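The following pair of complexes shares a single chain, chain A, combined with chain B in the former and chain C in the latter.
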Partner chain A sequence: MAMNDQEILDQLNAEANEAFKALTIAGVNENARKGRPFIIASDDVLPEISVAMDLSISIMTVAGAMGTGGPGAAERIDKATEMGIENRLCASVKMAAYYLQAGILPVPDMIITTNSPCDAVEMLGQMMENYQPWAKVPKFRLDAPHGREAADFAYFGSQLKEMALAIEKVTGKKLALKRFTEVAEESNKQAKLIMDFQELKRAVPCPVDQDMARKGWEMARWVAGTDPAVFAKATGWLERLVEMTERRVRQKQGIDGVAEKVRFLWYDVSPSWGAKLFPRLQKELGAVCMMNYYSFANWLPIDTSSMDALLQSAAKKYLMGTPMTRQAMHSADVYCEDIVRICKDFKCAAMIMPCHIGHRDTNAYHKLAKDTCRANGIPFFFIGCDVWDERYMSPDVVFDRMKTFFQATGLV
Partner chain B sequence: MTLFDAYIRKVSEYVEEMRAQGRSVKVLSTPALLEGLPVKIGPGANPGVILREDTYAELGNPEAGSCAFALFTDKPGLIPDGRITLIGPDIKEAAGQSLPFGQVLMMGGAGLDDKNLEELQQPGFIGDQIEGYMVRSSSQSVWSRVSKDAAAKGFDFTSLGRALMALYRSGNGNIQAMEAVFVTSGRDDIKRLDDIAAQVRKINKELVRQAWKLRGYDIDCASDCSSCGDKAVCDEIKEVLKEQQARSPQPD
Partner chain C sequence: MKSGLRSEVFEKLSRIAGAISSPEVMEWKKKGGKVIGYTCSFVPEELFVAAGMLPFRIRATGSQDAGKADDYFEAANVCSLIRHTFGKILSGEYDFIDGAVIGGGCDGGRHILDNWEKSPAKIPFLERIFIPHASNELTAGYFHDQLARLKARMEEHFGIKIGDDKLRDAIRLCNEIRGLQRELYAFRISDNPPITGAETVAAIVAGSSMPKQEYRDDLKKLIGELKAVVVPEKKYTARVMIVGPGHDDASLCDIVESLGGLVVADLTCFGGKVMFGSVKEDGADPLQAIADYQVLIRPFCPKNLGAHPSINKELFAKIKEFKVGGVIGQIFLCCDTWGGEIHILGKEFRAAGVPLLRIERECTSDSTGQLQTRVQAFIETISGGAL
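Then we have the complex of A and B:
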């Protein structure tokens, strides 16, 4: 018997939640046990390369972020502060720093660090580079430029090439053109599906919770990076999501149990306590979040015509199409243009800027964002929470503030 | 405002180059902008999403090739008002296809200046304003779908050009003349057009930087380090990083 939409969604969620275990600290240890060359990176380094080289790359910041939603999170975040980590640092990075300093991570075959997307990750990378038990582990540092010109993409493409050569030297695994091309073609298929899902969310009412885009993206990008076998499976997951969402759009069905009244942009990452906020906003106020950093895709295909083209277009995809790297690494006009574009395309009546305490870049942008919203007639609201630590501002307080904002502006 | 005048000429030269290379170049007739337009235009004219199976043709998928930019001048005489040029096949010849797509919009008006940059340089900002035409949310290019219903009503590049002209003119009263060039003939032709676009993007970037500066913000480094007031700080940071790198333990 065919499954109904809710059953399909439940199954997609169950598969995603199962896959996300690979991103947790337990998953990192499990990845190390699998025998494949095992690398730890400070942040995202593009799965296409690791998949093509049959490697497992675990991401420290992601493991930290996953940890902030797990049991004992508060104690571990506080322990990191006791270890001397700066108190206002992003809690996902604090958690990752705790994992490192507590000595509970396996020794990797190689470390890759990067200056993207933010100053906190840069600092985590320096901690990894200087961590004494890993002193003899080979290291490679990726230097992501802040520009978005052809020269920037060429520069970062050469960085990726050097990274692949460094990995080859350590692990003996090669980045073969044929395999890299196959993986890039699959990656292009996935990115197009994520983009298709993104476009379907424009429908009024919004057919499916926007957070499904984040889940699809994380499956294809982060989980696949830890286990090449997951890479192709992510395509099937996304196809099922798009097929179901198209059906709902045709039937003009909104999110089950939600009477949509207002659509808004949450201009930051999805909080680890989001499940305590967004469903409540939907059900009690009819306020539907349409987009966050991780559900906004700028689909940039990887050009498979040659090895140089592969690397340079992958570099462009990394710099301009990676959530948070796009927003945090580039100039303020990209950040502000995206606000206007998202609000217009997705009919968002308001922009909510969480101003995550650890995101110094967004806190620096806040007046620019305000000016942009004013100039374009978009009501805006700044919160000032910690997206990874609900003790700083509880989901109930965030809900109350947003409710007051929506009521005061007449949006609900 | 003469910054883009040279590029308006370059686009004309590009069209001639395409013609000389044997491409199909049609200069489409443009009656009054809205009279007889087969689709509705204006806010909410395309309220829904155009689904895959309702799509007659896709334009500007980045894999097929995509490029879009706008140019403007304060000399309206440089722009043949209402002219729409199509290089390559029209929509009706593209059933079920994904066409490469280049779009150049050129506007002239004595009152146009660099303050108009933000509103005029956002070709994707059409949103839901053309019935049967959906521009996807993708920056620096136009990637769009034309619905089967719109195609059946006769929507073609003349309609698209007229609709865009009407929307831009309604949004900016300073536009006195407007011309559109569409390219669907091939990926290489789009790439050639993108060479012009790359230069235009550099000018835009500088104009945007200056516009933000007028509002009191420095959004980007000055491109010339030798004239930058923060050079000493930057140099110091680089030195510290170099020292840190040198101190980092290296593998045996």
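Then we have the complex of A and C:
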């Protein structure tokens, strides 16, 4: 018997949640035992390369972020502060620093550090490089430029090439043109699916919770990075999501149990305590979040015409399409133009600026974002919370403030 | 800044360092000279000197209030040095500059440009330059291209030509100044130097705030005077080194030195970092030589991935050479890069038996009382008794 939409959603969520275990601290330790060359990166490294080279790459900040949503998170974050980590540092990086210093991470075959997307990650990279038990582990450093011109993409593409050569030297695995092309083609298929999902999401009422795009993105990028077999599975996952969403749009069905009244943009990452906020906003106020940094996932296609084209377009995809790197690494124009485009394309009646306390970039854009919204007639609301630590501002307080804002602006 | 140094030339340098604009800069402008502001020590002054301009390091000296900058930057989560610097820009204190180049050294610093562009503080020439975060041939090549682009934009905007000969002259002048600054620093190797840490900071900061040739001549004169002076016998309770960002004002040095200690060395963005080594003078491409210097020779900044071993090496060499008894690791709140670096150094200092006082503070000197108590306790600890 065919499954109904709720059953399909439940299944997609169950598969995603199962896959995400590979990203946790326990998963990182598991990944080290899978028999593939095992690399730890400070932040995102393109999965197209790791899949094509049959590697397992675990990401420190992702493990940290996953940890902030788990049991005992507060104690571990505090422990990092006690260890002497700067108090106002992003809590996901603090958690990652705790994992590193507590000695509970396996020794990788190689480490890759980067300055993307922010100084905190760069700092984490310094800590990884100088962590004594990893002193002899080969290292590679990726310098992500802040520009968005062809020269910047070429520069980063050259570094990706160097990175592949460095990995080959350590692991013996090669970045072969044929395999890299196959993986890029699969990646392009995923990109098309996710853009299809974004198009479908424009429908009123919103057919499916926007956070499904984030889950698809994280499976295809981060989980696939740890296990190449997940890469193709992520395509299948996205196909089922798009198929179901198409059907719901045709039937003019909104999110189950939600009487949509207002659509808004949550312009930051999805908080680890989001489950305590967004369902309440939907159910109690009819306020539907249409987009966050990760569900935006501006996937760019990879040019498969030659090895150089693959590397340079992959570089562009990394710099302009990776959530947080897109928003944090570039000029304020990118950030502000995205606000206007997302609000227009997805009919968002309001822009919420959570302004995670650890995001130095967003905290530098306060007035620019507000002025952009004002100029475009978009009601703007600034919160100032910690997306990884609900003790800073509880989900209940965030809910109350957003409710007051929506009511005061007449949106609900 | 408190100083016991009796020297006209020092008083001049100290006055220039203690304010933003100065009569010397105004005189330069009166003669038709251009002034170009810049942030971050990785933006090479040589390019501006070669353009016949006065490079002026944008800073927040003396600021007690970020003012309108806090409308732009969220006060609780962005480094105070950035906010206060931008506050000075908004208040009009930098209206005398003809252009500015913003270096992308850190996240907060980069966004000065984004906010400046959209602010009422209009400036005719405002450019950004991306400073690499890793040190290798590829990154040095990228930085060269950044400099070439900046040079072309300067030439177009100001209607000038910056030739290789002018670049080579500028390199020689800046190298000479770096050499003199190192000579000035070296006075404090002795137990009883003729110049204090606070006085040295002032003499170095002035160098990025006045015409270069004039500064070179003043520095030579000051060094000559210091060599000749008979220093009265004085016993310092502790020899201290300061490590961290910023340090354009001497308030922390003042505290250490008012308690009987002496700041003998530092590795900060306005101090020890700016005078390290030299740009190659005889290279075929002077722009590449400048890029190599900034990216390969002096990557003493935790914004550089892999910089820590060179920071460690430089610090331990200075600790030995300057007979440092303890280190103050200064972090401005929300400075992620230095926050991490001081954490890493803390472990190494502990292992080596080097006392470290870690201070997280705002860039202003408005919490002096609290700082004084902590510094006093630290000096007592390293000097082995109550002051």
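One rule holds in what follows: the second predicted complex is superposed on the first by the 412 of 412 C-alpha atoms of A that agree within 3 Å, B and C clash if a C-alpha of one lies under 4 Å from a C-alpha of the other, contacts with A are read in each partner's own complex, and residues count from 1 in each chain.
Throughout what follows, a residue touches a chain if its C-beta (ideal position, glycine included) is under 8 Å from a C-beta of that chain, and two chains touch if they have at least 3 such contacts.
Just so it is clear, the structure is predicted and the values come from calculations on it, not from any experiment.
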| item | value |
| --- | --- |
| Clash or fit, chain B versus chain C on superposed chain A | clash |
| Partner contacting more residues of chain A (chain B vs chain C) | C |
| First (chain B), second (chain C), both or neither touched by A:328 | second |
| First (chain B), second (chain C), both or neither touched by A:136 | first |
| First, second, both or neither for A:368, with chain B first and chain C second | both |
| First (chain B), second (chain C), both or neither touched by A:124 | second |
| Partner chain in contact with A:21 - chain B first, chain C second, else both or neither | neither |
| Touching partner for A:158 - first (chain B), second (chain C), both, neither | second |
| Partner chain in contact with A:391 - chain B first, chain C second, else both or neither | neither |
| Which superposed partner A:344 touches (first chain B, second chain C, both, neither) | first |
| Partner chain(s) touched by A:169 [first = chain B, second = chain C, both, neither] | neither |
| Selected from 224-232, 296-304, 332-340 or 350-358: the stretch of chain C that, after superposition, runs into chain B | 296-304 |
| Shared contact residues on chain A - chain B and chain C | 126, 129-130, 139, 141, 331-333, 368, 371 |
| Of chain B, residues touching chain A in the complex | 47-49, 51-53, 62-63, 122, 124-125, 127, 134, 136-139, 198, 202, 208-209, 212, 215, 217, 219-220, 244-245, 248-252 |
| List of chain C residues in touch with chain A within their complex | 71-74, 76-79, 82, 104, 106-108, 110-111, 113-115, 118, 128, 130, 132-134, 136, 138-139, 142, 145, 302-303, 305-308, 331, 333-337, 339-341, 343-344, 346, 358, 360 |
| Chain A - residues contacting chain C, complex | 83-89, 113-115, 118-120, 122-127, 129-130, 139, 141-147, 151-152, 155, 158-159, 162, 328, 331-333, 355, 357-361, 363-368, 371, 384 |
| In the complex with chain B, residue positions of chain A that touch it | 126, 129-130, 132, 135-139, 141, 149-150, 188, 195-196, 198-200, 202-204, 246, 249-250, 296, 298-301, 331-333, 337-338, 340-342, 344-346, 368, 371 |
